[in-house]
Structure formats: C-alpha cells, structure tokens
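A, B, C, D, E and F are the chain letters, set down in written order, and residue numbers restart from 1 in every chain.
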Amino acid sequence: MTTKFSEGVVAESKRNYIKKLALQGTRIDGRGFDEVRPIKIKTGFIKRADGSALVELGDTKVLVGVKIEPGEPFPDTPNMGIMTTNVELVPLASPTFEPGPPSEEAIELARVVDRGIRESHAIDLEKLVIEEGEKVWVVFIDMHVLDYHGNLFDACGIAALAALNDAIVPAERFEVGEDFKLPMNHYPVPVTFAKIGEWIVADPNLDEESIAKARLTVTTSEEGKINAMQKGLYGTFTYEEVKKVINRSLSIGQKVREQILGGADGEEN
Amino acid sequence: MMGMKSDIKLIDDNGLRIDGRLPNQLRPIKMEVGVVKRANGSAYIEWGGNKIMAAVYGPREAYPKHVQESDRAIIRARYNMAAFSVDERKRPGPDRRSVELSKVISEALTSVVFVEKFPRTAIDVYIEVLQADAGTRVAGITAASLALAHAGIPMRDLVVGCAAGKVDGVVVLDLNKEEDNFGEADVPMAILPRTGEIALLQMDGDLTYEELTNAMEMAMDAAREIYKMEIETLKSAYRGDDDDN
Amino acid sequence: MTTKFSEGVVAESKRNYIKKLALQGTRIDGRGFDEVRPIKIKTGFIKRADGSALVELGDTKVLVGVKIEPGEPFPDTPNMGIMTTNVELVPLASPTFEPGPPSEEAIELARVVDRGIRESHAIDLEKLVIEEGEKVWVVFIDMHVLDYHGNLFDACGIAALAALNDAIVPAERFEVGEDFKLPMNHYPVPVTFAKIGEWIVADPNLDEESIAKARLTVTTSEEGKINAMQKGLYGTFTYEEVKKVINRSLSIGQKVREQILGGADGEEN
Amino acid sequence: MMGMKSDIKLIDDNGLRIDGRLPNQLRPIKMEVGVVKRANGSAYIEWGGNKIMAAVYGPREAYPKHVQESDRAIIRARYNMAAFSVDERKRPGPDRRSVELSKVISEALTSVVFVEKFPRTAIDVYIEVLQADAGTRVAGITAASLALAHAGIPMRDLVVGCAAGKVDGVVVLDLNKEEDNFGEADVPMAILPRTGEIALLQMDGDLTYEELTNAMEMAMDAAREIYKMEIETLKSAYRGDDDDN
Amino acid sequence: MTTKFSEGVVAESKRNYIKKLALQGTRIDGRGFDEVRPIKIKTGFIKRADGSALVELGDTKVLVGVKIEPGEPFPDTPNMGIMTTNVELVPLASPTFEPGPPSEEAIELARVVDRGIRESHAIDLEKLVIEEGEKVWVVFIDMHVLDYHGNLFDACGIAALAALNDAIVPAERFEVGEDFKLPMNHYPVPVTFAKIGEWIVADPNLDEESIAKARLTVTTSEEGKINAMQKGLYGTFTYEEVKKVINRSLSIGQKVREQILGGADGEEN
Amino acid sequence: MMGMKSDIKLIDDNGLRIDGRLPNQLRPIKMEVGVVKRANGSAYIEWGGNKIMAAVYGPREAYPKHVQESDRAIIRARYNMAAFSVDERKRPGPDRRSVELSKVISEALTSVVFVEKFPRTAIDVYIEVLQADAGTRVAGITAASLALAHAGIPMRDLVVGCAAGKVDGVVVLDLNKEEDNFGEADVPMAILPRTGEIALLQMDGDLTYEELTNAMEMAMDAAREIYKMEIETLKSAYRGDDDDN
C-alpha cells in the first residue's frame, strides 16, 4: 500500500516539467516554494458535533468533527481529560483509498496530528475533569477526508485545530454543570514539505507528492516551540536541509495560525 | 427504532408537525454537484438536518477479479456514517445497519444504470453521511443518483429517494429525527420518476393497508417534486452556474 | 458476493422454461403462484435451547434456537427486555456460502426477520424485566441455515416465530423466580415474492430465485397489520404490483400463521 | 475441563454410571445420511444428547489457488458449534477450540481418503454441532466419515470416532457431559476399523499407563461396534430405506 | 496452511536418505532414535517478565515470558487462579510463518502445551487467590518462537515449564502482600515423536518433520502419569506403536525434566 | 508520552542522570549477528534494557502480487513487541503505534538498500522487541540494518538509529525508560553515517530551535560511534569470531 498512497504514477514528463519549473523558482500551480495553497475554513458545519470545521487547502478537503463525552480517566492520569484522534481515509475522497480498517497511512496521519496537539498541550486537559479519578471529558477528534489533492497532514492538522477552537464542552447535555468553551493552551500548526530533486517546497499538492522522494512535517506552536516532527518517504534529508525546513515551518506556521484563529469564514447559516 | 414510547406530542392541535410542517410537506432540500474533484462524479445534498456527500468512481476494472461479471458492471454502493454525524459518537467502520443499507442501495441503483454497457467493471458509489437527521438512506440514494449523472454514467432514469410514515396516528411525509424516533412507522422508498417504478422499498412499524398505501402515494408524489430539483441541479451544473468542473 | 447469492448461473433454457410455465399459470415444481411449499415444523428439537424449531420449507431447512439470559437493559429502555437476532449461513447449507463473518446476505436476512418481530411487538418485552434499569431478559434468536433451496426470508421468519412460541424463560436456572412461557403479543409472518418476467410468485424456490429480477418480502400480523417490508434484487416493482403483493401476503401469511400456531408436528421424542 | 472438583458421585454402588450405563457401554446412537440435499454428501448423527450434522462439498477446485496441492486433494474439515448448542449461548464463529478440532479432524480424514486421485482440489467437510453433550468431536468425525462415503469419495476405510476416559477412578467408555465436566480424563480417538490404525488421538487428564491403555482398548472395541452401524446406515441408504437421494 | 507448516518440500532424495539412515539405526544429524537434541535453558532472560526462559532445542529457539497480574476469577472457579497460554509464530522465526492472527498451528501448539500444564495441575492455582470470588492471580504464558528448526511442541513445553519454575508472583508490585515463588505441583514434559516410514523418532528436526507422515506428542509428569496426548499429521499409528511411544515418552520426559529443574544455565548477567 | 508530571528528579546536582550517565553518554550496547539460523540474515542487540532481535527474509517474490513494484524491491519492516516485553502485558498483535513505526522504519531502510536491483521482490525485515526500555525503534532499526548486511543485501551504507531528547530542561542523549516517561522531548533519528543523511526523523515534546538542533547533533555524533560497533560486529562475524553461519 505504502507506495500507492504517496507515489502514484506520474509520467516522467511531468516529473521533468516540475523540476524544470523548480529551477526557475516556481511550481506547477504557480506558487512560490514557501507559498501555501489558499485555505478556507468553515467552522460549526456539523451541528451534531461539539465542534467542527470544514477545511479546504487548495482542492484538498477535510471535515473534522469533535465530540466530547464523559468517560473514565486513565489510571495513571486521574486528574486529566482524554483526547483521541482518528483519521478516516474514506474511498469517496480518492481512487487510491480503499474501504476497510485504517490503513497505515491513516494511522500515521492520525498519530502525527495527535502528537502535535498532545505534545504542545494544546488542549488544557487538566480543566476537563468532572470528578477526579472517576469521570473526565473525553475529546474525540474525528478527521474525515473528503477530497484528496495532496498534503493531508497539514489539512488535517489545521482542521483539527479549527474544530477544537470551535468546540463547546456539552456539560449541560450530560447534566454536569454549564457548557463551556473547550479550554485551549496552545495552537500547534503542522507544515509539511516535500523534497523534489534538490528543491524543498511547502504544502505539496498531489502532483508534487507523487514525485517527492522525502517528506517532512514540522509542527510548531505560537511560542515558536517545536512540538512534533515526522519524516516520511524513501529519500533522505541532510541536516542542513532539516534545519532550514524547521525555520521555514516556524514562519509559515505562524501565518496559517493567524488564519485559523482570525480568518475563519464564520459559522455557516 | 419505531415505537419507542414518549410523551412528546408530534402533531399539534392545528395538525402541524413538531417542525411546523404540514403532513405532506417536505423538509428544505439543497443539492449541488461537483463537490469532490477527485471523483468521476459527485454530489452534496442537505435535506432537513441531513448533510450527505456522494461520489462515484468508475466504471473501472473490478477488483478482486472474482467479483467481476462477464456481461455487466457491478454497482457497489457504500453507505457510511461519519463518527460525528449522530448524537452519540459512532465507532468508525461498517455496522450491520450500514451493511444492509449499502446492499439495498446498490440494488436500487443497479436497476437504473445501463450496466450491460460496462462488462467486468465496477462502478463504486460512496455515500458519506456527515450529519444525520432521519431519512439518510433516501437522501443518500438521491445524492448518489446525482453523482452518477454527474459522472456521465448512462442511466434510463434518475433515482429519487423519499420516505413517508406515521406519527401520532397521522400519515406524514419525510419524517425528521424526532418523528423517526417516536413515530409508528417509516416507509423509505426510491423510485424512477419517469415510469413510477419502485427500486427501493423498505418498511418498519405498524400500518394498516390503507395507511401504508397512503404513505407510499405521498412519498411517490413528493419524489416527483424532488426529481425536478435534481434535474434543475444538473442543468445548472452543465450551464456552469455553481460548478467549475 | 451479491450476485452469487441470489442469481447463480441457471441455463438460459431453464429461464425460458420457467417463463413458459408461468404463461400457463404454473411453476417448475407444479405449484400455483400463491402456493407455498410444504412446511414442516418440529419444535423443541434442541433441549439446550430455551426454545427451538426445525423448519422445512420445501427442501430449505432452518434450525432456530432461542436462548434467554439475564443482562443489562439499554439505558433508554430500562423497563424492557432485549431481543437480538443472528443468521448463520453456514457453508454446510450451500456451495455458495462461505465460512467467515456474516455476509451482507446474512445481515440483511437477520435484520428483516428482526424488524418483523420487533416492529410488531411480537415479544412482550415489557414483561421481560427482572429488575428495572438493572437486569432484564435478553432473548437471543439464532438462525442456523442447514439446507438452502431458496427463500430463506420466510424459512427463517417462520422458524424464529415457532421457536419463540416454543420458548420458556428459564427463570429458575438463574434463580430469579419461576419459569414462564415467553410472553407473545403478536405473530408476524413474512411472505416473500419473486418477480419473474411479468409474473410474481410466492415462496420462490432456488431455481426461481436464481432468475428473479426483483424480490419483495412483506411481514404481516394476525391483525392484518403490515410490520415490515423489504424489496431486493436489481429489478423494480410498479406500485400496482406492490399493492397486490401486500394483499397476497396478508392472506398467505394468515395460512402460514395457522400452521405455525396449530400445526407444529409436536415435540420430538 | 477435566478435574473440576465436585461432590457429584459419578459411579454408584452398583458400578453404574449417572445415566445408568455400565462402564463399557455406549450411549444410544442414531445415524442417517442424505440430510442436506444441497451437498454432495451428508449425514446426521444423534449420539447421546449430541445432535450433529455433516456435509461434504467436493472434490472441487481449491480456492484460493495457493492452498492447492499439485499431487493431491486437500481436506478441509470445519467443526462449528451452533450458538444454541451449549448451555450458555456461544458467540458465533470459530474459537480456539474449534480451530484445533477442525485441524485434527482434517488430518484424521485425510489419512483415509485417496486424496492423490484429485490433485488441486479441495474436499470440504462441514460439521455442525447443533446440540452438544460431550464427545462432539468423535461423533462429528463419525458423521463426517458417513458424509464422505455418501458423497462417493473413495476411501480405504471408514473412520470411526469414539472416546473413553476415567471418572471416579474407573475407566469408562464414551463420557457424557457430567462425566466430561467432573471426570479425571478423556481420550478421544478415531480409528480405521479394518486395520485398527489410529487416525486421531488426543488425551487430557491424569492417567497411569495401565488406565490409558485400558481406555484406548475400550474405545477401539466400541469403535468396531459403531463401524457396524455406519455400514448398516450406508447400506440402508443405498437400498433407499430412508433416503431419497 | 496446514500442509505448508509440517510438510514443506524436501527433495525425494533427502527422504530416501533419511529412510536409509533409519535402516541403519541412525538419523540425519547422527542421533539415536530416542535421542533429544541438546537443550540449553537460560532463565530470567526477560527482567520485565515475572518469569522467563530462553530455550534452545538444537537450533529451535523459543522465548517464554510469564506475566502475572490480578484479575477476576471465572464464576465457576471462584477459588482458583487462572492460567492462559499463547503462542506467537512470528515471521522472524521461519519463512513459512506469516504475520497476522494466530494460525491453526499456533493455536494447536498453545492448546497442547496448555493441556499438559493444566491437566497435570502443574501450577497450584488454588494458592493464587487474592480474594475469593473477587480477585485472583492470572498467569499469562506467552511463547515467542524465535527460530524454527522442528519440534516446537517440546521446545515450547520445556520453555513454558522452565519459565513457570522461574516465576515470582509480583504481589508487592500490586500491593497485595509479599512476593512469592509461583507454587508448582508438577512438572509435565511433552515429548514428540515423528513416524518416518516404519520408524518412530523422538524430537524430530525440521528435515524429519518435513517428511513425517504422523506425529505424536505425549506429556507426562514426574509421577509417571500421562496428562496429555496429541496426534497430528495425515498418517496413522498402530495401537502397538502408540503404546511404545508412551513408554518412550516417560523415560525421555524424565531426563528432560531433570535438565529443566536442575540444569538451567542460570540467570543471565 | 512526553510530559507526564512527576516529582522524580531526572538530573542530579552533579549533572548526572538517573542511571549515572552524562548527558551525552550512550547506554551500554551489545550486538551480534547470525542469531536466527532460519533467516537470510539476522541480528540481536542489547541496548540499555532493550533486547531486540531482527531477521531478514528475501529478496523473495512479493506476495500478494499487487504489492509488487515492477522496478524495485519493496522493503517491509514489521516492528513487533512481545507480550512480555513491557511492564503491563501487551496484547499480542499490531497496535497503532507499531503500525506507524513499521512504516517509518520501512521507509528509512528503503533509502539505503539498492532496491532497484531486485524488481518484483519483497525484502521482509522482522523486528521483535523482547524487552523494551525506551528507544526501541532506534535500537530496532540498528539491528535491522545489521541483519540486512548479514543477509548480504546490497546497501549504500548502514543505517544507525539513535535518539536524543530533553529531561529536566537538559538536552540528553539516548533516553531510558524513566526519562522517556517523564522527560520533555524525544527525537528518534536514523542516519546514514558516511554521508550524514537523515533517513528517519521523528520528534515529540516541546523544544526550542536551539534545543532541537543540539539534540539532533548529539544523536548524530553518537550514531557515528554506534556505526563503529556495527562495522566491528560485522567484521567479527565474517572472521567467524562469534557466529557459525
């Protein structure tokens, strides 16, 4: 499966064309190397969810619904809420996705988004205790991919963050107090890069992904901290390349974060 | 499903329903095609509180090979609910209900596609329920039919889904969630509007013959209305009103 | 799988022969269009079950065992027992059945039988409470298909009803009172029709099923109410056809019901 | 399984067993062939409280292809218990016990079939335990052997299953459910009666060498009796006494 | 799968060679018919386990780890601990093992080892009660096969026994008293034989297993009792052969037992 | 994983770690090849409390066929933890973590093998964690690389795994279990020592740019040390010092 997901079959001519463009400092869709595709965010799209966001990153489309339900804490963290992430690569979204249990791609995606949120302590889990050791809020982050045109790491990460930021803890529905906004500490944003020949471009689209030899996702917070990294594919990076990518991810991530926090297109109807 | 007891009054003294509708009134419906660029055809429908997306891939080589039919395409519909589409989070993946619905939807869609034109292929129809509000199967098959048309799959008609049922002793059209939970019967149907043929028909509850035929007629009448919306949606798409495919 | 179960490969000549017979008002096994195959019912066949019935519908053979055990009620129905149905299409019964988890055919079958029983309130679930909100009786209806020669919907529905009607709630075994007969409110009977060319016949056998283009099952109660319907296969019905089928199912269902309630061949040994 | 402690006295003062049998006495056995018309061969056995059906399909092309053997048929027995066959409802589907039994039964049946006559094929043997009362595997293999014969599969002998064991310190034949639950050992066997060859042999419990050999001899003697019933059942079927196949 | 595990493809010439050697009373690796391959036992190999043993039987290598955790007793044995066995035929150990859920070979292996231990009452389960009916010790015996060169039944059985004999019940870790040695009543040892032509050899290696037509495992205790038997493969045994095999297993088992109990190479580092 | 609160002091007043190591000091490492005779290549590594075995099978025909690549071998690494390898018994079989690790290890190993030499084949690399003590993925990939070399698979370099991280505010090399549980960040890496290329890179926790680059440099420096042990281990094996393969 591994090879089908991120490689595909792009004609050699397209590969050469993309590399030729890179020599001239541009990309197949006209973007600069650090330019992210247009981002559209529609929060509150799913009323049955406690928070939701429909995100378009170029033509890639991801819907995230957050459900928050009471549950038992883990024995070793009796005074903390629980978060859990899941990605569904439903076959509606791409001819290369198949029905069935989560593929290794879906699992990697979910875990990378999970680490970004978890390691930055984005959600203030300590405020999600209903009764210490007995009952805490469980935050389910379900990412439903609806149209796959490259770079699901960033699309899912952005949509998850927007949906969390939209979420209300439904205390009234479960008769444990008043509803409150899901408490957030940090806003981690993943930025993914693809290495194509000698060049490294941000937010690769499907064509770029299909010929990339290496991928690197760096998740950074609004404080300029690095919270998660994940290298993928069969190629390698030099240490110098990694350092540059981290720096680029910090500045790109900052812009994306502003858009998530400020630029949401607002609630639908 | 049907017949949970409740004190909720579903029809008020003026004969109006909990959401203000008349017994034979549909909920608001919005349709759009071309929502999944990656697919060969796609559609999105909002029907009351339902939000459903459908996409079509194919005709493409059927895999694994042993599912191929030498003289026709197979239509494989997959009805799936997002984890967050219902009140209590649903575990991802197929449950028994979605397996059954996928089967009857596959069969209903097969009745309308010229499957004999595409031997050994599969036409995959994926229906994702993003938000559920009763009537997802009939809304889903309606979206699936639009997606098939948008994909240019040759069909002898569109398929239109619509349900009717009974609540508080009254036969009503197009049940919403409360009516579905606390009502007395539900009759989901899918028809081919040109000929009136019935491609999908299920029923559960408790109905006399008269109530059942009333309900069926109500659903079939409404289906013809919905058909017009389908046609209009496809026409707009080809005119390029709201779709850049 | 879908196509293998109900279509099979019947020679074109058999198809023509069946249609020719239909023109003459008869069927491949000599039956009239509304004539159901002979039904044999043997209740009490499985002593380890709390109710059981071995049913033959022509050559189709189904064994249903009912087990009744204490369990927790669902949170939204604290004052009702629970019923659950399962069909096993074991590969012993047909060359087209395969080992493994339930196929979509088995699931559809179980759910159609389930709806007939559930929606008619056949079992008086309110009398199956041991302790409200804490402990209720769970009725497991397991349908084991033993020989498949067409029309499992009716064979399973009849056998389930006969087994339920045979069942004793084993209160003594679980030390919660005295045994009592499983309380029944209604006796829903499914009748299945196949559309072959222009004709619609009741209780299709394997040959008929294999060439049928559409199928309709109608489950009706002794009060003349309709409790469940399920249309299947790739063909369509006209509204007039459906109305006639419903009427036919009411009268055929009535006869079958009498046989289930009165005509059981009695307990074995 | 073996060795649960209990106050139940399994052998009375007259040396009789809980169901009145002598130590070396079989439970009542009834056999019939031709019970599954859809199959190539089939059999039904009642053995004490056991009710077991077996059916044979094949030789037929083995699928998936990689399981095929180029020089012989593969025999795939599947031992399965109905959900209602035991006291506490059993979850449907194979558990570890039924996987093991399916394996040893497959191996035992392979020893008797002329598998080399049918290269690349599978002979599928399905054993359904409808009601269980101890000794299901030996009753099941006996039914399977009858079904193979009824299907006309060439075999160098029939296979006969029989068990012996120890209860209350006494070596006894053919344990029933209580004896199996509270006894000290069980030795299920399957033999080829013409040659006395042992095709299936398992044992669990706690036996001295003498007790074990006594038990084995007891089971083998009884198997020869059961063999006669098998032959008689098959003869009657071919005479058409109770079977219309 | 069945055929791949124990048959393999050994050239006809090897088959003939092995039979020719047998005629001369010897085996392909020079052993006598009743001679077991060298056994090496290293207990205490896994510190995270409560008992462990790395066993080599010739080139066959098995690592068993025993974990002991509190759990609920079975309802019908409220005053007994619980034991459970599992075999992992990980694909690291042989080109014929595949990833995935336990194969039928793994299940048979685990169940035969389990029966030997369980039926001989090797572990004194009655001493593993923490609170009657509420809490007992659960003994997990996990057998991890690391190199497969024939006769896993004996290698697993020996390693399981050595690991149990090495095990400490970790009462202190769970704050329910003082640690104590896992109480053992008996020391059951399986000995496996393969029938090759007319000959029956103990502890078959991979070459012998691949051409054997029948297999018999006999598990005996230090008291000379027989606790478990399992015949396998497609051939048969005569009654005389079985009797001889049982006798041989008693004497071979005794020698192996001495090595397990006395001859462990001692704790590692 | 990272960031659980605790009162444990992970760095003492002398700047030493809980196991007495300096911040940039590796745990003891032992390596051996040829430990699985049945495999084409194998290796065993002890690294702190980690005990890990790796074996290589292939290049062999890739099965099922649809996974084959026409122009190269596929490398399928499978990282698996034994049930007894961790404090609380782990249910056997893959969990989400091991699926992810198997994927990134597969990708990292692919970067170094001359896969184009073996079209349509699979090279299977099995990594069994027998005892876990933090850093299993980097120890595992190191063992896997040794096993590939031992199997004679042509590679443009060895792969060496090593991690660094942060505990009690200090950047440290090669975290042990307590440091992993209660520390602030972990950066597992795998590099190709000859060129310094990075084949595996993950990170979780909370680090500034300076801390992260310090950690990466520390891990890369240590990897060059470990590389020497790898070379020495392979040389000894070929000299026959401790291996009879």
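Keep in mind that, in the parts below, contacts are C-beta pairs under 8 Å (C-beta built on N, C-alpha and C of every residue); 3 or more make two chains touch, one makes a residue touch a chain.
These numbers come from a predicted model, not from an experiment.
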{"item": "Co-neighbours of subunit D and subunit A - touch as defined", "value": "none"}
{"item": "Any chain that touches subunit E and subunit C", "value": "D"}
{"item": "Candidate from C-D, E-F or D-E with the same interface as B-C, over half of contact pairs in common", "value": "D-E"}
{"item": "Turn needed to bring subunit B onto subunit F - CA fit, degrees, nearest 5", "value": "120"}
{"item": "Whole-Å separation of chain centres (CA-atom averages), subunit A against subunit B", "value": "32"}
{"item": "Centre distance in Å when subunit A and subunit F are each reduced to the mean of their C-alpha atoms", "value": "27"}
{"item": "Distance between the centres, which are taken as Cα means, of subunit D and subunit B, whole angstrom", "value": "51"}
{"item": "Between subunit B and subunit E, centroid-to-centroid distance (C-alpha), Å", "value": "58"}
{"item": "Set of subunit A residues in contact with two or more other chains", "value": "none"}
{"item": "Junction residues of subunit B - those touching two or more other chains", "value": "none"}
{"item": "Chain-level touch network, classified as line, ring, star, complete or other", "value": "ring"}
{"item": "Chain order, ring traversed from subunit A with subunit F following", "value": "A, F, E, D, C, B"}
{"item": "Of subunit A, residues touching subunit B in the complex", "value": "45-49, 52, 59, 61, 63, 65-67, 69, 86, 88, 90-95, 99, 101, 140, 142, 144, 146-149"}
{"item": "Subunit F residues within the subunit A interface of the complex", "value": "2-4, 67, 69, 74, 96-97, 99-100, 102-104, 106-107, 110-111, 185, 187, 192, 195-209, 212-213, 216-217, 220"}
{"item": "Contact footprint of subunit C on subunit D as seen in their complex", "value": "35-39, 42, 49, 51, 53-55, 57, 60, 78, 80, 82-89, 92-94, 124, 126-128, 130-132"}
{"item": "Complex interface listing, subunit C residues touching subunit B", "value": "1-3, 76-77, 102, 104-105, 107-108, 110-111, 115, 118-121, 216, 221, 224-239, 242-243, 246-247, 250"}
